[in-house]
Structures are given as structure tokens and as C-alpha cells.
Amino acid sequence: MTQVEIGRGKSGRRAYALDEIGIVPSRRTRDPEEVSIAWQIDAYRFDLPLVVAPMDSVVSPRTAVEVGRLGGLAVLDIEGLWTRYPDPEPLLAEAAELDDDAATRRLQEIYAEPIKEELIGRRIEEVRAAGVTAAARLSPQRTVRYYKAVIDAGADIFVIRGTTVSAEHVSGQSEPLNLKQFIYELDVPVIVGGCATYTAALHLMRTGAAGVLAGFGGGSGHTTAAVLGVAVPMATAIADVAAARRDYLDESGGRYAHVIADGSMTRSGDIAKALALGADAVMVGSPFARATQAPGNGFHWGSEVHHPELPRGTRLRVGTVGTIEQILHGPSTVADGSMNLMGALRRTMATSGYSDLKEFQRVEVVVAPGAPRR
Amino acid sequence: MTQVEIGRGKSGRRAYALDEIGIVPSRRTRDPEEVSIAWQIDAYRFDLPLVVAPMDSVVSPRTAVEVGRLGGLAVLDIEGLWTRYPDPEPLLAEAAELDDDAATRRLQEIYAEPIKEELIGRRIEEVRAAGVTAAARLSPQRTVRYYKAVIDAGADIFVIRGTTVSAEHVSGQSEPLNLKQFIYELDVPVIVGGCATYTAALHLMRTGAAGVLAGFGGGSGHTTAAVLGVAVPMATAIADVAAARRDYLDESGGRYAHVIADGSMTRSGDIAKALALGADAVMVGSPFARATQAPGNGFHWGSEVHHPELPRGTRLRVGTVGTIEQILHGPSTVADGSMNLMGALRRTMATSGYSDLKEFQRVEVVVAPGAPRR
Amino acid sequence: MTQVEIGRGKSGRRAYALDEIGIVPSRRTRDPEEVSIAWQIDAYRFDLPLVVAPMDSVVSPRTAVEVGRLGGLAVLDIEGLWTRYPDPEPLLAEAAELDDDAATRRLQEIYAEPIKEELIGRRIEEVRAAGVTAAARLSPQRTVRYYKAVIDAGADIFVIRGTTVSAEHVSGQSEPLNLKQFIYELDVPVIVGGCATYTAALHLMRTGAAGVLAGFGGGSGHTTAAVLGVAVPMATAIADVAAARRDYLDESGGRYAHVIADGSMTRSGDIAKALALGADAVMVGSPFARATQAPGNGFHWGSEVHHPELPRGTRLRVGTVGTIEQILHGPSTVADGSMNLMGALRRTMATSGYSDLKEFQRVEVVVAPGAPRR
Amino acid sequence: MTQVEIGRGKSGRRAYALDEIGIVPSRRTRDPEEVSIAWQIDAYRFDLPLVVAPMDSVVSPRTAVEVGRLGGLAVLDIEGLWTRYPDPEPLLAEAAELDDDAATRRLQEIYAEPIKEELIGRRIEEVRAAGVTAAARLSPQRTVRYYKAVIDAGADIFVIRGTTVSAEHVSGQSEPLNLKQFIYELDVPVIVGGCATYTAALHLMRTGAAGVLAGFGGGSGHTTAAVLGVAVPMATAIADVAAARRDYLDESGGRYAHVIADGSMTRSGDIAKALALGADAVMVGSPFARATQAPGNGFHWGSEVHHPELPRGTRLRVGTVGTIEQILHGPSTVADGSMNLMGALRRTMATSGYSDLKEFQRVEVVVAPGAPRR
């Protein structure tokens, strides 16, 4: 690890963002059609290594079904509007019409409505009824309170997602979630995160999680670096968490904890880079906010936008470019990396000479801060 | 120290700005409510490690009282409008209505009015009357002339602040301020600065100062780098001055000279980074220029703006976002790191697994010039 | 090679863009008029080391003739509009009038028209009739299908150009092009690429290619980095491919495979840098889209813009600055490096003290990411 | 020298721009009034280490006199409008009213007018008549033809200035200027440049030049990097040329060849940095284009703008801020480093603890690419 001396007695490691990385083709090329981008976690196999993030602007029960049918996985946010309101659509429509200045305050109000336990089951069932894998997300703070409702409704995959989730939360007020015991007792596979370092990831893997989210989530509109000063650039975070996966595989005698990169990926090239750096799959939000079916109606926001005390993101106007199918599989009508995400990934792998994701994790990359970003 | 060869025979150290730094969460997390951010200098204990800078756009006697009541410390500028005019409010109102082009010249005129000794006492008493800690600032050039009025009025903490203050000022014209003797003879604790290197800081600490300002002050609107070519990026400056604190603690047999980072911090994330790099507290101005109670009425300027011969800053329009209380403690209604500064700091520390400021100075950081800055 | 650790277990080489490079004059200067910039590949000698890229916005049979008469080489795109339509000019005119938003979709439609074999011959003959060297380009995917028509029409130089072309394409569906055998059996010299690494280039050279394209082509409007994540900055790519040329020269016992830099060069200074880094010649497009005779009528696009499934570039409005002759040889009436490309190159070489291209490949360069880019 | 590998077999040195440098105050401070910034070259002593560049937008006979009276030196351009036209003022007025688009072409026309030998003497005499030091510039190409007229008119200092001037110009067409012999035979001191490397500077010093211009001149509007690809960042260039001065001093047994930084300095902070890196004086243009007396009437251009074949700069609108006296000595009414250049330099030196220029060349600097540039 390259330690850089910031000042006398304080050093830091040089860490890299995805924008500073470039994938280098090998001396072979392949046909994109012959590339496999399938991914499997626990008993669930997906044609695509793509998880749509639990954000109200992208995942509704309806879009979760559509993503599932197309080969991916979309995660319902159990703390979002769909479990706070029987019919959130008028509020989603209102959210899309707010002035930028007023958006943060009004979203704070809308999300002040309590979660309704009965709606949790209803939303999960809406997804299951369509025959696709149902995944649901809670924050670590609310997991103890609501997980039973999630499990009872038959969720296939349980996601515990916060900005930073540690295996060891210290609290004097309440008994914190004991992740290891919780996961041990649960019947369904658990994906947990974010985390951004080798050590934090290794501890999360030791809880028995089937997958770990690498990164702090958010990306497009988040302002974590400005508000908290917390920042671990994604390229380094992904590579480190992937290293934890390798070491945990060894120390556990064969348990493969999947690494799902989460955050800072808005273009198809970012997805390819995340996988090239060692991720098994990616969790993305903003590209799907641009779908015709997106509940955000051309706007995008995550839960960090409406935090009641300390908002750490802004609602973004992203516009609409095409159907979920087009965003996943094309054809694309734009050139900015926001459509045909999976076709682009296949092409990157083919151009680089790789035929499956596990091999592609070894592709050569360069560090190129001065290269054009387009 | 990493020396870089600029050309044959001229090397310089690679120095880092706060924007190039990111805080890395550890493997533990905590509840933000259980984090202590209290700070003590000499006999004065503060709930918050935050000093509001002596600038006319942010500190009036009234806002100094409000900041004190809320747990911080605001420093009166004894060379500002409040000691030049019995009632500066019409001038403050005028300053907020000037065209950008005319602002520098008109501020030069307004500040040409001499300081009135009788007003010094009155302003300090206005703060003391409210029962909060009273701090007052003079420049090194005027300290000899006005310090008695400051002390006589009962100031609790004496601040000597210039762009660069050295322990050894050389002058052929007049007897320069002998800092060591001055501080020795004074009954109140002295905070002195700015300085930006280990050696300069160590010499300031040896004068007996209770606290040293690390950095050159200014931030938002200052143009020191363009006008003077003088620039020491804050991350390196803070770490170096903190190293001087450690060495001075040893050589002095136990005197702890507080390091107060001063300059280049406009967002809550910057404050967290300054503390992570070794500061004991921070001095900030611009976030408070956005308070509803701010005397600058939505504009911000420091003394470098109205220098009669060589202005080195511009008056900035910053707008108004909320009360001083909201800016300090939230709730925040914006996502840019300009409100709920202290709530954000608690959250950063909790997310990183730290429970007090002294421990947090050891948090891991990365050097990440390519990471998104938001 | 400087390996940089991105994260645990994943390193990448630090790679450089042309923008990060500066040419350093030696201690001698020369007269620009006495500098030779002639270039020879196989039996073809050119006064200029400049190949105009096979793009519909710059190369028509007419402009190919003009470039040839002026000392350069322009490559016809056998998969462009001139072989899809008997008279493409109305479509070129339409393409120049499209809204930016509609451009990608409409270009996708226009290029959906099949290639007409009979037009291939006609276009090549139009160039040959003028007595200049005729070069024609096919993609590797279509080379097998159309190369006979190209050869039969008497093309002098055959160009196989794709984003990434490898010597070893793996395909289960169809028999891929066996480059080595293909080139061996062909009577005309072949230029093939792009490629961006030492290894890929060495393998392409071993196929017997007379020239290799270094880089991925495109530049102005391409979005490969955003869409695919693939990016090898040009300065490093050119130097590496030039190193392959040296090693292939040795291993082959004297075969000199020409290195033609292709991509990311829009200004005359970029051309000089590419040659300084080891290229024998350059392939450029966008500067010629600004010619009064350019078929793009002030707009510029490459084949990546109208890919039916995954467009990876945008049509750019570039405007018109002067004739092809002015763009090549001046006089220039602008100061942005887009006119008098060859006069600028002569001047750079003269200023640096070099009198021919082969020597100039050894000129000293600096790495200067912080230098002004103008 | 830090060599960086760009690609296999091609390395370059990492070079630094002034923007990447910051001056670090020492542990002492001084009174600005007690700082000496005097400079002497040959028998000529100047109160200020400032030479105004031979550019028509800044130096007329009248402004040369004014600069001289105020303690600096302004160089007449013997190839500018004042020697081409008996009364250039109508043309200067016209140049200031041209559209940006038309400016380059019209300036090319205006400067096509031949130089009149009789005007050379007249202009120099206009300066001498006022009793200030007269300096005149020719390009190396025209030195042989016109130098006699310059010397006969009584110029005190002779300046040979081109973008790159070498001690060894190779030409087959004409006998090139033999600098060494030329300088030996001339009675007046010669300043020659630009150059940007140790070796080129050392060879220029060996010709007997009293001063060497470090850098390629130009700055504000020049586009040399884009047009020629030639770029040596100024911080590195100055330090290297200063190293040549030290080595030449030794090898010559005591001849001190003055280093005058020339180019890329538009703000007072840049001037301080150039001196901190080893320059003895600076040559600047653009700040004086903003003088009320400037012949450019608020516009700025150098000879690279109107090159008949290959313009390498643009005419800039710079506006007007104050008199030459204010620009040199203040008071300043702006905060961008464009007024009170010499007051700012005194303050930088005082803040850093230095009392004369020779000592100040040893001031500590940091390399701070990430620091704010204002």
C-alpha cells in the first residue's frame, strides 16, 4: 500500500476513483454474443450481474418485476414511500414537480410519514406474485423492528444497507443489531453494506453475509464527501473488498462472499470498471431513474436526500431515455453510457478478450488520471 | 517528507489540500448521540470545537452571544466596524447593497475610519453581559496599541491574528511586539496565528500561547495565492502544526498548545477533515455569514478585502440559509454541508467509530485527488 | 513500467495522455523550411506523415483526391455512405441539419442501408482516376465479405480498422478472419488496428502488417471511456506500440512495421507530440471536418456514432475554417492549432532542432499535467 | 531529475507549472517597507526587478518612459507598429475595436507593413530623451539586418527575443546570427531568449549574454502548447535556467548571467514565485495592458498573434484597471493580483522573512497541485 505523507506524522494511502482507471484490452478479442455475464448468489442465479438499488425513484413493485423478468435483481426499499403510503403515486408525481430549492424540505416532510407494517408484506407479495426473485432492504437501525414482516412476506434475499454498516456497532442506548447472530438465524441470504475497506469488509464477511456492498452507495446526487468528509474512492474500495473476499475464502475454508460494488457508477463504463477491479456484481440506481417506467418520473433521489436532520444529497433531474429493457439490453439511442448497460459490458469483455466475469476480474487496467473522461 | 524536484537545485515538498483528503471509516460504528465533541482551552470548556472567525460579516456582539449560548466561541474583531462606528448597522446594510465592482473601493473607504478606543470596551462588555466567554482579536501590528483596552474590558480570551504571525518579527522602524514577553505578562490565554509550518508553529508555541491558528485564515473569498504566491495547503499545514504540538508538549514538559485550524473550511466535511488531521478545534467564517442573524446580510468579507493598498479577497454573496442554531445543530434543509455543522461532525465520528475528538485525530485518511468533491 | 497499487492485489500501470506531455526544445534550432516531414510506407512515399481517417464527415472520393494531391493520404471508408448510396450528398446535407438530440437516431437509420458491392469499386476508381494513392478501409467483421471488391478495384493500400483489432479473434459462430494468412495472400500493403499495448501491437506486427494503428481511433466526439470503460491514454499507447516496432524489427530480422497514431489528436500540437513519442505518421479526422470541402458540412462523426445497438460517440458541430490546403499547409487564420498542421509540425521540429521525423522521435519530452493546455 | 516512464522506452521528466507551486513563509516576518527589491544588470540599476515585455499592446515610447521613471524597464519592440507606421495610434485604436473573429486576420494585415529603418532611431530617441534607460528588442531572424539602427540610436540594452532562441541555429539558406561573436562585438549588454532548459540556457550564457530569458514568453493569450506541442512548465524552466547560471558562474570564473523569467506570469503571485524559484527579474506583459496609458486600449496581444502563416495566440480583452503607477506600486482597488505588483512582492518577501531578492531565491516552496489557485 502506497502511503503518502500528508504532513509530519500523518500519512494516508493514495486511493483511486473509477474515473482514474482505464480497462486495457488484451491481445485477444471475442464475439460479444459469446460472452457470459451470468451471476449467482446463494441459490439465486441471474443472467445479469446487476442489482437495482433500493431507491424510490427507481424501484417500485412494478419495476422490480420488470427488472427481474429481464435477468436482473431490483431491491425494494422497505423504508421508502411504498411502505409509508398505500398509494404513493400522487406523492411521487408531486416530488417530480417540486422546485429544486423546495425539494429537500418537502421530501423531508413526505418521508416523515411512518412505515406501515401491513404495507411491507403487500409490496413483497406484489413482486413474488410475478414469479421473480424478491429482495428487500432495511437499514441497520430498523432491521430488528421490521425484519420479521419482511421474512414473513417471503422475501428471497434480505439486504441490510446503510451508508456505512459495521459488524460491530457500539451503542449505549439500545442493544445494537448483532449481525452475526441475526444472519445465522435467518433462512434467507443476506447482503450487507456499505463498507469500503479490507478490514471492515472482512468483518462483515465473517458475519456470514452472502454478499457485501463495497462502497457507500449513492453516487449521482450524494454529497457525503462535502457533508461528512468521508470518502474512499471506489476503485480502491472495490479492490480492497475483493481482497477481503479472497482472504475470507481461505480462512473460512471455502465460503465465497460476493462483492457487490455500490455507488459512483452512472455509466456503463463504470460498471465494467467495477467488475474489472474485482466486484462480482454491481448495484446501480441512477441509470434506471431514466427509464420510462421509473417511479421518479425523470427525477432521482436516494434516502440520503430526505434525512430529517442532515440531508446528504440532492434530488436530480435526470430525464427519460427509454424503457428498462433498452437501458439494460438496448438498442441505445444515446452515446453517454446510460443505455444498453449490459450490451456495453459484453462488448467491453469481448473487446478485452474475456468470456466470463470471473476471468474478467483479472483484466489489465491502467491508472490514467489525465485521460479524457468521456 | 516527500521532496519533489521542481528543477535542478530547487525542490519542494508535496503538500496536500483538504479537498485531496478523505476520511476512512474504521470497522466499528457508533451512535452519533454518544459522541463527545467537547473542547477545552485553558479554563474555558466548550461543547463544540468551533470558533467563529473575527469577521464583520459574521461576528457582531449579538451573534457572539448567540454562538456562545449554543456551545461555541465567536471572536470579536477589535479592528472591525463595531469599534470604528458607534452604530455600524447602516454601513453593514450599505455594504450588502454595493455592486461587486464597487465593493472593494467602498469597503476601503468605510474601513478608513479610525478605531475608537471607547468602543472597544463597549463591545466586549455587550458580550460579557450575556454571560458567555468573550474573545477579542487584534492584529499583531495593533496589539501594543489597543490590548489594554481589550483586557480592561474583561476579555476572557485574547486572539492575535494576522495572515502570517511569527514569533520573531524584524523591524527597523518600530519596536516590534515581543510575543513571548507579552503573553507572559498577560493574565488571559492567548491564541495566535496564522502559521503553516512546523517550525513557525513551534516558535509560536514557545511564546506560551494557549492556542495556535494553523493556516492563513480566509478561505471562501481570499486570493492570497494569486496576490502573494504564498500557499501552504491546509491538510499539510494542520498535520505539521499538530506535529509541533506533540514535540512542544515533550520539550515543555507537558504544555499542550491547542491547534485551531483556520481557513479553507466552508463545508462540514472540511471541519471533520481538519480535526482528523490533528486540529483540536476549527475557526470558520463563511458558514455563519449565511445565518439569518449574520451582520453581513447575506454577504461575506474578511479584513483582507478592504486592505487600503493591497486587497487580497473579494466580498462574496453567500445568501441566507437558516439560523445560527440550525447552522450549528440543524436540522439542515440543504445538502451542501453548510448547515448542521456539528451534527455532521458527530455523524462522521460515529460512522468512523470514534467517540471523542482526541481519538478521532488518529482516524485513517486517504489521499484521493481524483475522488468526487461533492 | 511504473505499477501503481489501486487496492490490495490490484495494480495498474500509470499511463499518460497527450495533454500531459510537452515537447522540450534542444539547444539547437533550425529553419522550418529545411525540415523534412516525408514518410514512406511500403512502396508509397508521402510528403506528409498524415493519414486522413476513414470517416464520412471528412473523406469523400473528392477530398481523398485533394489530400493526395497535397502530399497526404486519405482513406475511403468502404462501410460509409459512399458505398451505401449512389448519391449520398442529400443525406450528408440532412445529417448536418439534424438537431443534436435527433442526430444519433437518424444517423442509425441512414446507416442501416446495406452496402452495395458495385459502389465499392466505383469509389476507389474515382480516387485512382486522379492519379493519387488509393486507400480503403473495412472493419475486421466485414473484411472477408468485401475485400475482393476493394482489391479488384485497385486499392493501393488496404486498411483494416476497428476500435480494437486483435491478431487472435475468438469466435464460435463463424470462422474469424485469419489476419496472418489474409495479409500474406494479399498483394497490397495492409494497415491494421487499433491497438494500444505492446503485446497486442507485437502480435499485429507478426501478421505481416505494413502499418499498425496505435490508439483506438476517434477522439473529438467519441465516448469509449464512458461507454466501455476501455481507455489507454495515447502518449503511453504510442510509446508502447513504438517499442513493439523496435522489438519486431529485431525478431523479424529487419521488418519495419509503421506505427500510425490514431485518435485523440485534434490540434497540430497533438500531432507533433504523437511523432515525438515514436509514431511514424498520424491518422486524424476532426481537423479536416472543418475544411470548406468537407462532406460533413461543418459537422463531424465517426462510425461509432451510428452503431445500431451501442452508439459510442456524438456528432459534433465543428464549423468551417478554410480549405484542405490551408488546413494542411496554411496560411492559418486561427490560433487554436487547427490550421497549417504541417507548417506547425515543421516549426516544432525546427524549434526543437530536428531535421527529419526519425530523429524527432528521440526529442526530449516532459510530463507536465499542470501546464496550461492552450 | 525525476524521470517518469511514459511508455516502454520513452521517459520524460516531471515538470511543474507556477500554478503548482506555493511559497512557504519562514519562521520570521519583516516590515514590507524594509524589503529591497532592487535589481542591477550590467551598469544599469533598477529599483524594481520588472521588465515590461516588448509588445505593442503595452509598450509605446511614452509608456516606456513612464515605466522607467517608476523604477522598471520597458522594452520597445523594434518589429512592432511603432517602427512600421509613423503614427500607429489609429491602427491601435482599430485593433481594439475588431471583432474577436476578425482580429487575427486584420492584425496579420496590419503587421504586413514593412519596418521603416528611420522610425527605429526615432522611437529609441523618444525614450532616451526622457532620461530613462532605453531597451530595444529584435527577433534573432532580423537582428543582423536592423541592429545597427538600434545601436546607432543609442539603445542602452539590446534584447534578442524569440519564442526559442538557441546559441546554435542551423540554416542552409543564410548565414545565421553568430550570437557569441555578435555579443562580443557589441558595446551594450544583451539579453537573449527564450530558453527553457539547463543546456540551452548554459549555451546562451556562454555567448556572453548579460541576461537570459527563461521561458518562451507569452502567457495570457498564447497557444504554443496547442499549436506546436512545445511546453516546458515555468517553475521547472526557471529553476533549471537558474542552475545554469550557477554553473556558468563557476565555469566562467565569476560571470553572473541574469535570469529573467518570461511568460505565464499574469498575477503578482506569479512574479513572487518566479523569483522564489531563482529568477533575478521577471518580464511581464499582460498586467500592463490593463493600464489606462496602455497603447492596446484594454486589449492585449503579442507578436505570436499576427504571425502570417501560423498564429499562435489570440488577442485578449483585458480591460483597464488603473495607471501604470498603480499597477506597479498601488494602491490596488482589485483583489486579483493585477495591481500593486511590486507592493505585493514586498509583502510576500516580508511575510516570508526575506529582505532582498538574492536571499529570497532560497525561500522554501511546496508543490501543491491540489491547492486553490485564487
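In order of appearance the chains are A, B, C and D, and numbering begins at 1 in each one.
To be clear about the criterion, a contact is a pair of C-beta atoms (placed from the backbone, for glycine too) under 8 Å apart; a residue touches a chain by one contact, two chains touch by 3 or more.
Keep in mind it's a predicted model, so treat the numbers as computed, not measured.
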Angle of rotation relating chain B to chain D [CA atoms, steps of 5 degrees]: 90
Centroid distance [mean C-alpha coordinates] between chain D and chain C, Å: 39
Whole-Å gap separating chain A and chain D, where each centre is the average of the chain's CA atoms: 55
Overlap residues in chain D, where contacts from two or more other chains coincide: 14-16, 236, 369
Contact graph of the chains (line, ring, star, complete, other): ring
Chain D-facing residues of chain B, complex: 4-10, 12-17, 19-20, 104-105, 108, 163-173, 195-197, 199-200, 203, 222-233, 236, 264, 304-305, 308-314, 369
Interfacial residue positions of chain D with respect to chain B in the complex: 1-2, 14-16, 21-31, 33-34, 198, 235-240, 242-243, 246, 267-273, 276-278, 330-337, 340, 343-344, 347-348, 351-353, 355, 364-374
